[in-house]
Amino acid sequence: MLDGRSQIKRKLPTRLVLSASWLILLAIAAICAPRIAPFDPLAQDLFLGQLPPFWVQGHEPGYLLGTDSLGRDVLSRILYGARLALTVALIAGSITCIIGATMGLLAGFLRGWVDIVISRAIDIWMAFPPVLFSILLIAVLGPSLTSIIIAIVVIDWTRFARVIRAEAMSQGAMDYVASAQIAGRSRVSTMLTEILPNVLPTITVLLTLEMGIAIIVEAILSFVNLSISTDDPTWGGMIAEGRASIHQTWWVLVFPLITLFLTVLSFSQLGEGLKDRFDPVLR
Amino acid sequence: MSFLTIHNLSARLKGRPDQILRRVSLQVAAGEVRGLVGESGAGKSMIGKAILGTLPNSVEISGGQIILDGTDLLALPPAQRRRLIGAKCALIPQDPLTALNPSRRIGPQITNRLVDILGWSRSDAEKRALNLLAEVQIPDPARVMRCYPHELSGGMRQRILIASAFAAEPKLIIADEPTTALDVTVQKQILKLIAAMQARHGTALLFVTHDLGVVSKVCQSLSVLYAGMVLEDSTIPDFFAAPKHPYSRALLQATPKYTDPDGSLTPVPDAVIAATRAEVEASDRSAHV
Amino acid sequence: MQFLQSVIIRVCTTLITLIGVAVIVFFTVRVVPGNPIAMMLPPGATEADVARLTALYGLDKPIPQQFVIWLSGVLHGDFGTSITTKQPVLQLVLSRLPATLELSVMALSIAIVIGGIMALTGTRQRGTKTEAAIDVGNGMALSIPDFLWGLILILAFGVLIPIFHISGRVTPSLALPFTSNFYLTESLLRLRFDLWLDIAAHMFMPALALAIPLAAIIGQLLKQSLKETMHLDYVTLARTKGYGETHVILREALPNAILPTLTLVGVQFTFLIGGTVIIERLFSYEGLGNMAIDAVINRDLPLIQGIVILFAVIFTGVNLLVDLTYAALNPRLRHA
């Protein structure tokens, strides 16, 4: 039995490898964007507008994935867009995770009125249409990176809180927690040393999934023109442009869409893959 | 000519050499009550499942024949086989708590085979079900027919399952540890009920159990199973007077006697198990030659 | 008796939730920096004009007082007047609601059909390559949100193989004889199948985009609970009675496996309705969500409030309905 299990452990699932590779590649591309991007993503050249990608008749050498209607290089804009997408994923994802998981732990382990207040708040949050609420928040806060992050944290903390609350509740009912309590440990210390390590795998999985969700939310916000300033390259903004001129310049929509698709898929597959590895029943 | 003949039946886990049944042969004559005895994991339930065609997907039959009333079941196409089983056989399952569909009323669960498979009219089937429920001593059968399973006790549900098994007047009933999941007090009543029903309807019964005490009360003959192999096949008086196989003898000594329930018990000695195991392996080797 | 009691408790918590939503929305939109009144006046308007209009919309009073005024209006069915269109909010919102409802229900139906077929096929073919393929497909469909599915569908069936409409609710040149805004339903009732086809062809792509992730969830969960049910004794017993695999799955396993899926579908349906906001925008579909985004961009405070409250009413209403249906369908709960 033992041998069989360690054998499975050694073999990494393909989807973990593939999704992690894509994300690492994207991260490198984002960090090195100023060095590897062939053009300034903001440089407009109306004479070079609406150029198709390199394999289509009428392309211009150097513009690998073509240009948009203002003559801006699609590839360079995708590379620079990755910077914003990954920044949002990391920062918004982490903050959402910390706030949401803390709420969940407090509600699930301390119970009592803390639980009542947090659970009621979760119920109220669940009654909001999330996309509309985030758009509303950006309108209130004004478009900026900080606003995007705040909007994501505000709408998504319940994702963590709900799941972690349930897990902390079931962990809290276990004997080892009771014995830690009998040993005279304080509630908070028990929560941090006994409960937290046991819900950490779940938190990691949720965090990975949340990063993908944060990227989508950012894309949606820039799609409705409410992300950061309208000139800065964002995947969502490019998609909005591409959607508007879909019958003339399909490539402006397709390439950012593929990038967004692969990135979101990778985060989600990474999360699911981690879930399988953490879950002793499934393993 | 016996009603059921199993000849050299072997089964194994799919894609693996692990044998679950080893060249099992046994016969059940019309109206006979045969016990199928063995420890858990000996493969006794698998034989019942092989006959009824409800083996788990992971198990495949690797050889042998199951002849029911002159027809080789394993040679039949699946749909035809199912209908034949549905018409001639029935199962009394082990756990009455899980063997009734929780979302359907009792009535249709008894009558559905009669109506859907055997083509009875609904009113005939309902009349038949009412009679059977009365026969298994269920008070107010008309009310019970309209109940959901969760409204009834475990003993009641097992009575209903017995009634349901006899509904189509099958020629063979397989009872798979029918009393194991019940309270001790209810066990005796259910056992008596099965014996009485069997006697009244003259149905052949294959009684799967680990309990030799039960076998001695209900059965006329028995097969002893170990590691998927039949070690001994004999009538009840012969077996309890002088079991032939050393393993059977040890098993008998490990069973509380109904004449002397407090008498001393000896677990099956390791030496006997080792010898039996060696015998099984030897038989495997000779079968491969 | 216990049943009635739990119903009352559920209704009360729903009301508390709705009040919470109202409070949060109201105070959030009051923080909006830009002055919506100044925006709607032509350039060159005087300070006095601004003050007059501000007073007209009640925006000069303290925020808590504004809330009380607004809430008492809401309780009388008066959600205020839209700043941009000068029409009553309730009237505007109700005129768009049918479009969003039809879209959501169509999406839900598609999701149930696809998800159900996936689950049943996967169960029927368990252990085969077909099941593995269904699992992979479900996993993909789940990973990608409706927004991206919408874009992919636009590319695939709007541009590459242009067989469906990708914007609007109906072809603008068509004369519509409708008296309600339930176009799809009314065209069917009036037996105008030509119109029905046109409307359905417009609705199909956005509905499918909304349906795909939900279909995957239904497919996965229903298959899981079907598989668990298929091992139970009563299913085995039904097999020994002579029933075939299909009958066993549909008649014995499905009714018992469907309950956990039902509760989940309820919660997920509210997510789907929330998704209509961006999907309607993407497909220029004239529903509530599209109107909501315009309202946010135009800072039309009364309209935003009205729409968010309406969404919240729908969400909590659906959840309430699902809980009650669950209790009514489960014989064990019904008799308890």
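Labels for the chains are A, B and C, by order of writing; each one numbers its residues from 1.
The rule is short, and it goes like this: contacts are C-beta pairs under 8 Å (C-beta built on N, C-alpha and C of every residue); 3 or more make two chains touch, one makes a residue touch a chain.
Since we're looking at a predicted model, the values are computed, not measured.
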Are the chains arranged, by touching, as a line, ring, star, complete graph, or other? line
Centroid comparison with chain C (C-alpha atoms), farthest chain: B
Chain closest to the middle [Cα centroid of all protein chains]: C
Quick check: which two chains are joined by the most contacting C-beta pairs? A-C
Whole-Å gap separating chain A and chain B, where each centre is the average of the chain's CA atoms: 57
Geometric centre distance via CA averages, chain C-chain B, whole Å: 53
Euclidean distance of C-alpha centroids - chain A vs chain C, Å: 23
List the residues on chain B that touch chain C in their complex, please. 52-54, 57, 79, 82-83, 85-87, 89-91, 93-95, 98-104, 109, 112-113, 116-117, 148, 150-151, 161
So in the complex, the part of chain A that touches chain C is made up of which residues? 120-121, 123-124, 126-133, 135-137, 139-140, 142, 212-213, 216, 219-220, 223-226, 239, 243, 246-247, 250, 253-254, 257, 260-261, 264-265, 268-269, 272
Can you tell me which positions in chain C touch chain B when the two form their complex? 126-127, 232-234, 236-244, 247, 252, 255-256, 331-332, 335
How about chain C: which of its residues touch chain A in the complex? 13, 16-18, 20-21, 24-25, 28-29, 31-33, 139-140, 142-145, 147-148, 151-152, 154-155, 158-159, 270, 273-275, 277-278, 281-282, 289, 292-293, 296-297, 299, 304, 307-308, 311-312, 315-316
